[in-house]
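Submitted below is the structure of interest, expressed as structure tokens.
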Amino acid sequence: MTQNVIEVNGVSKAFGGVQANKDISLTVPDGKITGLIGPNGSGKTTLFNSIVGYHPIDEGSIRFEGREISKLRVQQIARLGLLRTFQQTRIFKNMNCVENMLIAVPHRKMTMLDMFDRANPEEMERAEMLLEFVGLYSKRKLTAGSLSFGQQKLLEFAMALMNEPKVLLLDEPTAGINPTLINGLIDRLKKANSEFGITLLIIEHNMRVIMNMADTIYCLAHGKMLASGTPEDIQNDQRVIDAYLGAH
Amino acid sequence: MANNERDASLEKAEAQAAEAARRARSAGYHMGGVETVLSVDEVTRQAKSLSEEVPVSKLEALAGHDPYLSVEDLDAGYGKMQILHGINLRVARKQSLCLIGPNGAGKSTVLHAIFGFNNIFSGSIKIGDGANKRDITGLSANEKLRQAGIAYILQDKSVFPGMTVEENLWMGGFLMDKPSEARTAAERVFDKYPRLAARRKHQAKVLSGGERRLLEISRALVMNPEILLVDEPSIGLEPRFIDMVFEILHDLQHVEGKTIVMVEQNAKKGLEFADIGYVLVSGEIAIAGKGDELLENPKVGQLFLGG
Amino acid sequence: MSKTLFYIAILAISLIAPFAFPDYKTQLATLWLMIIVSLTWDMTGGQMGYNSLGNIFFYGAGMYVAGVFGIGIAHDVGAYNNAFSGDVFKFTPTEYFVGLFVGSLLGGVFCSVSALILGYLLFGLRGPYFAIGTLGVAVAAGELVANWEWIGGGQGISLPVYPYDLEQGKDVFYFMFMGVGVALFAFLAWLYNTKFGAAINAIRDDEEKAEGLGIDTLRYKLFTWAIAAFFVGIAGGISGYQLIHFEPLESAFQTINLGIFMVVCALLGGKGTLWGPVVGAILFHVFKEVTWNYLLGWQWVALGALIVVTVVYFQEGIVGWVRRQKPEWFGIVVEEDTGARAKPTTGAQPAGAAE
Amino acid sequence: QDCDTIELGAAISLTGKYATNGMHTQNGYEFAIDKIAEAGGVQIGDKCYNFNVTYYDDESKGDRAATLAERLIQQDEVQYMLGPYSSGMTKAIAPVTEKYKIPMIEAEGASRSLFNKGYKYLFAVLSTSEQYLAEAVNLAADVAKENGKDPSEVKLAVAVENDPFSLDIRAGVLEDAAKYDMDVVIDEKLPRDLSDMSAILTKVSLIKPDLLVVSGHSKGAATAVRQIEEQNIQTPMVAMTHCEAADVTGNYGDAANGILCATQWAETLKYEDPIFGTAANFEKEFKEAYPEYQGKTVPYQSAQAAAAVYVFKDAFERAGTLDKDAVRDAIAETDLMTFYGGIKFSDAGNNIAKPMVLRQIQDGQYNVVAPAKFASHDLIYPRK
Amino acid sequence: MDQIISNFNLLFQFPTVNLKIIIDGVMVGALFALAAYGLALVWGVMNVKNLAQGDFVIAGGYVAWFSSTQMGEYSIHPLLGVPLAFIVLWGVGWIVYKLVINRVIERDLFTSLLATFGVAIMTAQILNLLFGSDTQSIQLPYETLHLFGGVVDLPIAKLIGVGLAGVLALGVVLFMRYSRTGQAIRATAQDPRAARVLGINTDRIYAFTFSLNAAICGAAGAIIVMAWVIQPFYGIVYSIRAFVVVTAAGLGNLPGVIAAGLGLGVLEQYGALIFGIGYQQAIAVLLLLIVLIIRLAQQQRVRQALQ
């Protein structure tokens, strides 16, 4: 049996009167791709934020590699190797792609003194390799702000890989991306998973994406866990169809 | 109490969604394989290579030679940067047109230009039936709605979060002569969408994504515009809401006789819906045709629909 | 290499300047002060995105620490500052120089430490709240010092006059300021090209994202501000001895003069660039001296107009403007490079936005 | 006639918080220069000279003033300086003039701390500031004695601005109060941008001191007069500075009655000199030259500025040369009677030949009530 | 230290003095609140942090002072100075908007701070050159009421001033809530692009808001010159207070701004009585720092979730 890198247990989170997450439990197995779906406002992003430390949770526990992280802060969690991307892309718009990549070097392996070095050749090599991997090598010297929407998403993804995370949390990586480009993105995500051994947890509304990628899918509704299982199970689960997918 | 209300409205939504699903030809995001893997550059390159000379006469023909809205040789962009190069566009009354294309092709920019949100370097935008055409290129954004009857539904969220649903709708009627007219119009919307009526006193920021989109669309309709510009209505929405939104647009076009210009990344859905489809690449129109034709075009399928 | 020549030329001009224009030594020294404060302001404001309006606090604190230290090694501070009747306090040259050199250094250290403490409290504030919070610190400090009689209160402090030849004294001040300025510039030129520089730029562009990548942002922010404070503190200490007499509200913690001028300099030259604050400080200083000479009574109106015109019409500053016109000078690439990836040569470095 | 010019330099507050008083000062300088030119200029040997002043605006800021002094000396090569307005500015400039050994005669820097630094090139025609309101303390002691009380029973309240000038006034008042062993019940410093004193006056109305001393340039006087009236403060004796400069009689009418005002000079005093005539004559001609003072009291700031220029004239003529050091020595030996009063400098450079006087506003008129030697009217006590 | 304790004891020895302090504080605070209210408006709607706030106040004061004391036989009644200052500063605000604010409005935050700082020093210096640096005030021909054995004094002039301030504040609040322009201002504050889509001329709204702010400040100044004193360089006092109040109350909380303004006025009076008037400004800024730091500590617990 594979080990679970993330174990979420009975997590609840309310914003004022809005119960965004209620008693959520899920596990993310090491080296696998896990999907998270659910209607708008069902609390998916909230759960992500809870895991990576953007806000305190009301109840429950979150474990990463067996270690309790629900009290840690964003940077501490990031330095453990747990990284997320944003629903709205966030890159450093005024810097060029290579600089963006170099900022994403794994900080957990660095001391303060390392920061006073210039980038070393190995890091440059890695940055360029990853840019090539996402198809941005020819644009590496352009400022990131001048990239198109989809390319920015790819850059953000490459930065995440540069950081050598153990687990990558992706929030709607394909929203607003051209369908053909989506294919490319899926392909790369799968490669990252198989080649770099990065565990993935993905939020998506686009069923074509999630069904083709995920090993296991969790479905939230109204802040609660509605169902979980393999893509086939989920696709045929009447509750999921009623609450989310609609009649196909 | 509140729970009951929510359940009730939920049930209604479900019923509507089921209805929509029956009528629509495919629901939400379509399914299918993910085999076609192309890089960004590859898409642009191939799209360029397949781009045919699209003669204006073809566009005229698509609009039944009676365009209501026409964009002629439009060069536009932001600041000094030119994004659009010689765009032509024709839509007839009660027709719908869908723009598709890779990210950054300039689709939103076309809508921006029509509404007057960016710099137009040359070209013109005209509106009107037959010989009654008016040049509206120089009108400012707020005059577009008042004088030309063009309403715009933006790509990203645009409700006023701190105002109630009701107030949001009243703001939709800001240009009306009397506030009472705006209120009457808002009541008409509430009659039509009980889902919104149930939430009229709530602040818009507590609405779910789908309700927000609904509010944005119906708010744009308060002034009873002739032309509707819709930018990616389905972005970030759950599958059932996508169906609902398209259902609303369908009604608007076929029941109320509005002219619709839409941008949609969920291209299959968009092309199924629209009468006319244009493919935009690097600020130029690469292909134009009937919606169904484009759907069947294998190249379009490979490049823009994900195979 | 032409760049080296350029730097050598600049350095040579700086060394010769006080002898070429002996009448303007004090103004030249002040010019270096302006360069120092605007460069340090730019460290947090331009490079890190934290617009402080309170850096003048370090200037005033440095001045007071150096001054009080200089007095303290020779006399009873309270008695000295509150003396009214005929007692005359004398300082030996040694006492004077120890006060000047060690005192200024101590001022710098004191400011570094206070930057760490203040930063710990204030660095959670963003945007205008940070600006106003830091301004609050400077204003409050001025008011409190003005009510602290031991160090002279509203009377301020009068320091001894330079003990030897006065012309020589001016050279000493000029070269002290210049030394601090050159050291600061060299330090920043190096720092902005390290990963540290990249990291503070990242904080400026999107702090949440930077945190999300595992950067310990608070540590970077504190370190940057502490260094800036160190240099400003030293400059403040030297200024105190140069001014001879200073008081809390209008010379030491002068929030609305130097406190804002340093920001204007950085903006005028182009914030977020290495040369911007330097160019801005030179232009601003010259403009100010000229209007102060020729527009008697109207100089402030002219200065207000300069500020308005700068921020309204010249927003990215002079260096920023040049950078847009000639991006290649700054190593910014606008054309894409379609060549396939070759093995990167060793020693490749990120093209610095810092130049 | 064709006279040469002697260049003087001055940094003056044309903008900033002291701008009005800066103007009074500058007008005084200019008036005196014109009068001296009319009277044939400065006679050195067989040549005649006129004064010309290069002014810079110090914006009421000390560090600015110091820079400007430096500039006057270095770039404009000025050999003799006139003082700026206020003790704070003078404090900033004095080290500079001292550094370059430039004689400066100043008329507006009264702070005592200027005269304990051993400056050799600084001369002040006015009385030092600890004397400003000390007379008020003596007066309060006298009144107490008259009423059969011991002066040590007098309760004293002090509210002064937190700047060098006013702090010195406070020091003088406290020193004299200590002599009588008076009880200082309130001792507060006013902020520099003061516009509301109600908190202090509330305390005054509760603690009921016998003498209230206020000093804070023009704005302090204006605010105090207005709010004392508004809050109906009953303190029997109120003394302050800058009444004339703030034109409290013009602005607040009856509310100003009974207030004691320190002044360096009054037009009713019996001083006289050959250039300006009597004090009253100075007042008359000054108003003619500067019509904006019509209907107001000519502030003593202008009078003493004029006196400073006069001292220069006298010193140059006695020195008989333009040599800087000779002129300095001549200034140091000044012993001159002017319309402004006697002028004779101590070793420290302050004027020891002229007393301060205290005027009380009586029916809108400034009448000298103390010291007894100069008094033209009796003190009205309690003030209303 | 002894003095602080004895000052503190005064509060208990003479309990009515508390009333007096509160009344004094409320009266000053009402004016802080007005200036802050205007600031909250431009900050919230246009994201402009106006450092010239206090200078507008002082300029308004000079308008009232000049028109009622310096115009000889044409002098107007001082109370009419309030509406006059409102109107004149409206015009000034409009000009400043067109020349400066207009161009910094959608730029980064520091731009507006600095641009308005430039405006502030120009305003102060021009006032100085026009009117001199003396303090000025208007004496109203009204009595002062003395209550509670003379401890509490209420100058009728101040009462009128505070009354006017109240009327003005109420008028603005009602206007913002119920008028269409008010609603349009609120909508623009929440989402300018969406407002433009609904036909609102946002440029006009911005110009209107900024002018309104300047006018409110001007009226406040006209009240101040009747009850206190003005001087060309006192603007900074009111600017700092306005920022303190708005920062403490938080944006978009207009009733909160008024409450915070009054609260600050009272606290400053207490502080001045207990610690000495020399600490008044220090108390204001220290309060600001404390509020900021406390809020920060709270935020550390409830951090904004990111999409």
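Order of writing sets the chain letters: A, B, C, D and E. Residues in each chain are counted from 1.
The working rule: a residue touches a chain if its C-beta (ideal position, glycine included) is under 8 Å from a C-beta of that chain, and two chains touch if they have at least 3 such contacts.
Source: prediction; values computed, not measured.
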item	value
Smallest number of contact steps required from chain D to reach chain E	1
Selected pair, greater C-beta contact count between A-B and B-E	A-B
Where chain A and chain C are represented by their mean Cα positions, the distance between them in whole Å	42
Mean-CA-position distance for chain B and chain A (Å)	30
Whole-Å gap separating chain C and chain D, where each centre is the average of the chain's CA atoms	39
Residues of chain D whose C-beta touches two or more other chains	15, 162, 189, 191
Multi-partner residues of chain A (each touching 2 or more other chains)	86-87, 138
Chain E residues within the chain B interface of the complex	180, 183-184, 186-187, 190-191, 193-201, 252
Residues of chain A touching chain B in the complex	18, 38-41, 87, 135, 138, 147-151, 154, 172, 175-184, 186-187, 205-209, 211-212, 242, 244-248
In the complex with chain C, residue positions of chain E that touch it	49, 100, 103-104, 107, 109-111, 113-115, 117-126, 129, 236, 240, 243, 247, 276, 278-279, 281-282, 285-286, 288-289, 292-293, 296, 299-300, 306
Touch list for chain C against partner chain D, complex	23-24, 26-27, 30, 83-88, 143, 146-147, 153-156, 158, 161-162, 166, 243-247, 249-251, 254, 257, 292-293, 296-297, 299-300
Complex contacts: residues of chain B adjacent to chain A	14, 17-18, 21-22, 27-41, 43, 101-104, 206, 208-210, 232, 235-241, 243, 265-268, 302-307
